Structure formats: C-alpha cells, structure tokens
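Below are structures written as structure tokens.
Two complexes follow with chain A in common, the first pairing it with chain B and the second with chain C.
So, the complex of A and B:
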C-alpha cells in the first residue's frame, strides 16, 4: 500500500489507498516498520490519495512514530486534505507529527 | 410576520435514519450519503468546519460499529434542530466495555447506583486524559482534559487509541446509554451549529 521514493535526506512513503481505516491499519504499520528496519528512519508519509483517516489508522501511525523515534528517526505527514488537516489540529496530532503541505525539499 | 416565521423556525426538527451493515467496505459511501443529507440543510460554506466535525464523528461511529458492536446491523440517525446536529448510533450488540479494564468503579450494565457521579479513567497520555462520568445507572458521558504540550520526544507517553477521544473532541456533548430492557446501545453525539 506504500510507494516509496528517496529524497534528499529522507524517504517518502506515499499511501496508495483512499480510505486510511481499520482495514489497512495493521498492514500500514507492518510496511512502515519494515521501512524503518531497512534503515529509512526519516519518513514523510504522503496522504495525497487519502480521503479520510480513522482512529485505528491514527493509532498505527503513532505506533510507527514511537518505533522510528526509538531508532533515532522521525515520521512526518504531508498533503493532508482539509478534513484530515482539521482533525490533526483538533486533536493536536500536529504537535506529534511534523505536518507539511507539500512533500518538502528537506526533512528538517 | 417575523414573529410567525421565528416561531416556525424554532420548531425545526428534521430526522432521518440510515442503516449500516457494519461492513467497512460500505463505510465511505454511507458517510458521503449522510454528509450530503446534512449539507442540504447546512449548504453554506460558513458551516464547513462543523460539517468536517460531523464527518469525523460519523467515521468514528461507523468504525466503532465495525470493531466493537459484535453484530451486523446498526443505525445512524441524524437529527437536525435549529442550532444543533445530533448523530445517534444504535445497535443491539455488545454493551460498552473497556478491554483489560480492571480499575474502579466496576463496569457492568446497569451500573450500580452507588457509582453515580464517579469517573472511569479510559485513556491518558502526556496530551490528554479521557474519562467517562457515570451520570446514571444507564448513562456515561465522555469528558476530555487536555495538557499543555508542544512537541514529543522518545520519553513522551503517547496513547494509540483515539476513537472515543476524537468523538469527545469533535462534539459539544457525547454520551453512551445502555437500554437494558431493549438490549440497545446508544452513542449520542451533539454538535452545536
């Protein structure tokens, strides 16, 4: 469900799904943990194709962040639609994850 | 003339029920159907943020049905009144429970009268504390306390369960009722407009 590409100092993991929900949360977590284990510790997750996010997926995202941080890395999110962006602000996920409007030049 | 008009508008009450097969595959189409219905009554862009909150509340109510209700039907009623939108999820499945809950007070429905007014701690981390207040033997209301925190590091305690927290945060009132006589579970979200 992820399409990955290398940028300057980080990896972009683009979600290829529309609905980021309970059906795909476990698989997302597994694929992300594998990416981190392969040495991709700085990852920007692109939500360009995603129309909504549910709490299960959010839980998986937080779980991945904790794992990445334990390996000295970090997870950011990019290209959230307006509803998802509202949700991130409302529950302060924007303090947990760096949020980029577009895929950034440098992960900083 | 104006008085008459006001009187009419203060009596606004529109209600529609949507059935859900508790199948995540149809969640998105049902979500769009319900949001389209709400938008008929709140078409203006000034309601955009409120509609966004309704959307997220619906996503969580539907997800909750798929994950926890242990039955294959639920219904979502949308009730529109002058200044508020109510989203009510009903099912006849498993009553509200907390996994691995061993804390006090004990949860079994109907709740014992002696616990009315007590708070059940549901989740907490360095960002917030979610608890349910026992309002009567059949009803708990969810309340969120938030702590000031601006960033996270390796030592930050972060929970991974956000469903009830999101529902509490997007709504102006959020409670659960267990109707034991009809074996019905009711999650009730109110969003003020």
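So, the complex of A and C:
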C-alpha cells in the first residue's frame, strides 16, 4: 500500500489507497515500521491519493512517529487534501507532524 | 454507494466467464471487480477490500491455490470469504481448496442464478455468525456492568446538563463520557474519543476513563482544580503507559463552578466547543490548544474560562458528529456541522432539535463512527 522512493535526505512513502481507515491502519503501520527498521528514519508520507483519513489510521500514524522518534528519526506528511488538512489543524496534528503542501526538496 | 452493496472480486483467465458473472452479479446488486490473473487480482487488492472473492483454480502464471495462499498470509485479506470457481470436479482438487480454508467451491457449470444465491447465502451466513459473536460480547459486557457512557445525565445546580450518544452500527466505540461531581461546588465533565473503532477502541476507553477519573480525584484532593494541570497529568501517565502509549485519545475536560456559572475548559486534540451567548444571540467557537493524549510528554494544554450567563449554552462533540458522506465519499467537516446546528442554538428545546437534526434516520446512514455530544445550559 506504500510506494517508496528516495529523495535528497529522506524517503517518500506514498499511500496508494483512497481511504486511509481502520482496514488498512495495521498494514500501514507494519510497512512503515519496516521502513524505519531498514534505516529510513526520515520519512515523508504522501497523501496525494487519499481522500479520507479516519482516527484509527491517525493512531497508526502517530504510533509510527513515536517509533521513528525513538530511533532518532521523524515523520512528516505531505499533499493533504483540504478536508484532511482541516482535520489535522482541528485536532492539532499539525503541531505533532511537519505538514508540507508538496513533497519537499529537503526534509528539514 | 449504499453500505448494503457487496463488493466481489472475480478472478478468472477466461474473459467470457468474467463478463458473464460480472453481468449477472451486477444485476443482483453486487459491485464487481474483475481480474484476469492472480497478478491483476493482487493489484486490485492493494486498494480494495472486497466482501468476498470468487477465484478460478487453474490459471496461467500463478494459480488459484497460490493466490489463496498469498491472501491467507496477508493479515488484511485473510478473513475475506474465499470461494473457488472450477470447471473440474476432481475431488482432490476440491479437497485441496477446502483445506486452504476456502468457504466453498462452485462448479462453473452451475447456472448463474444459482451461483448468485449461493454467494448471497455465504455472505448471509457470515453476517449471522458475526451478529451472534457481537451479541455474545455485548451480553458479557453488560454482565460485567461495563459502560463507557453514563446511564443518565447528572443534576447540576443552576445548570441543565445532558448528553447524546449514538453508537456506530450498534457497535460500542471509542467515545466515553463521564460526569464527576465534587461536593456541592464543582462538577467535572469528560468527553473523550479513543482513536480506533468498534471493540478495540471501546475496550481501551475504560483504561482511559480509569486514569481520568483517578487523576481528577487525586488532583482535587491536592487542591489542584486547574483543568489544564489535570489534563497534563493524565497525558503524562498515558504517555508512559506501555500499552496506552500507542493508543490515542482526544479529551475535552470541563469543570463547572456551580455558584458562579464559570466553566473551565481544557482539551486534548478535541474539536472546538460551541458557546451560544444568549444576550448577543450568537455562537462562537472556543478552541483548546493541547495535543492528543499520549502523543508527547508535554501536551501544551491551556485553560479557557467561560462565564456563562443565563440562557448561554455549550456544545461539546466527538469527531463522529462531524463526519459526513457525500456522493459516496466520506469527509470530516466541522464547519458544516457548526452551520447545521447554529440556527438551533438558544431555543427552548435545543437538545431535542440537535438530536433530530444530527441523529435523524437519514443522517444515521451517513455515520461512519460513534458520535457523542455534551450539552450544558445555564438556567
């Protein structure tokens, strides 16, 4: 469910799903933890294809962030649609994750 | 797309069979996803989660058994009912399929109408079994007197306090509500939403509630009545909890001071509350600043103080209330919710009206999560 590619100093993990929900949360977490374990500690998750995110998926996302941080890494999100971006602001996820409008040149 | 429409994945290298089944099943209300090889099917399964899979045994490249084995090894896919479609009536082949936990096999010679009935029967049997298990858990939970929502609202001097709660498809969810009365002067109100759905979230809601109840009591014993300070303490304990640290929850914590009409409010990743000001006849939103419980050691919580005047109302909601479905797509839209209930606020029967607008039968069909609402009005 993730398509990964290497950028300057980080990995882009692009979600290949439309609905990021309970059904895919576990798999997302597993794939992300594997990425971190392989040494990709700076990851930008691209939501370009995603139209809806539910709370279970957000839980998985935060859980991955905590794991990455414990390994000295960080997780950012990019390309959120308007609704998801509003949701991130509403529940202050934008204070937890760096939010990029587009996939950035450098993860800073 | 209505929820009752079942999604089926058809896998067969014979395009004629695919077209035949696609046509027959679509007429019967199924949404069909067709794949002419295992590779195609796996590609579809990356983004789709069908209710049932109907697959041929023998196909060029990977065959049906190999496909079944891949599906069985995928946590996300393994519970999808799998039916083999075959032109072989070889007993060994059938046995091999059934050994791989396929729920059934269907002979390709079977008339299409019969295939449709068979698939419907399988789905119905699974649904019945599921309902039975759900009922058993529900009965057990009731026997243990486990409830994450109070049976009735508290009486608070000078205030009308009430709540609304609606589960999602009759599953209990992660929302929790509690009222804690501290002598005659203060009442704490708790509304939280453990992130996740159905039973998992419901189960964790008790752990969260236990921490919250004890933190409130312990802080009050120590003379600490700041909602921000209480919520930070709750956050710290949850952050350090080896199990709950991976489970997230929102929390709206309010403390009503009965005599003065002041309401103290702190929130963790919760939605803005709505304050209807009677003398100005307008509604404003009040935002809290804190992070979801358990995300970071320092949750950056602030405390807002609202002095309610007679007729003023406060509405606190969980995120299920702001989920909507439009043209088959789900979205969370707080502004839409705010605009929906704003004209209702300040009326005599506000709560009943909110209930009829947000919990109507029509709206219930759009629900994608459980929904909760706290209602406070100064008399």
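Methods note: the second predicted complex is superposed on the first by the 108 of 108 C-alpha atoms of A that agree within 3 Å, B and C clash if a C-alpha of one lies under 4 Å from a C-alpha of the other, contacts with A are read in each partner's own complex, and residues count from 1 in each chain.
The working rule: contacts are C-beta pairs under 8 Å (C-beta built on N, C-alpha and C of every residue); 3 or more make two chains touch, one makes a residue touch a chain.
In this text, all values refer to a predicted model and were calculated from it rather than measured experimentally.
Taken together in the superposed arrangement on chain A, chain B and chain C clash. In the superposed pair of complexes, A:70 makes contact with chain B only, with no contact to chain C. Of the two partner chains placed around the shared chain by superposition, chain B and chain C are both touched by A:56.
Once the two complexes are overlaid on the shared chain, A:1 sits against chain C while remaining clear of chain B. Once chain A of one complex is fitted onto chain A of the other, the partner contacts of A:16 are limited to chain C, with no touch recorded for chain B. Contacts of A:26 after superposition on the shared chain: chain C is touched, whereas chain B is not. Working note: chain C versus chain B after chain A overlay, options 26-34, 80-88 or 206-214, clashing stretch identified as 206-214.
Shared contact residues of chain A with chain B and chain C: 18-19, 22-23, 51-52, 54-56, 58-59, 62-63, 66, 83, 86-87, 90-92, 95-96. The touching residues of chain A, counted against chain B in their complex, run 18-19, 21-23, 51-52, 54-56, 58-60, 62-63, 65-66, 69-70, 82-83, 86-87, 90-92, 95-96. Across the interface of their complex, chain C is touched by residues 1, 16-19, 22-24, 26-27, 30, 51-52, 54-56, 58-59, 62-63, 66, 83, 86-87, 90-93, 95-96 of chain A. Partner chain A is touched in their complex by these residues of chain B: 24, 27-28, 31, 48-49, 52-53, 55-56, 59-60, 63, 66-67, 127, 146, 149-154, 158-163, 165-166, 169-170. If you check the complex, the residues on chain C that touch chain A are 46-47, 49, 75-76, 174, 193, 195-198, 201, 245-248, 250, 269-272, 289-292, 295-296, 300, 319, 329-334, 368-369.
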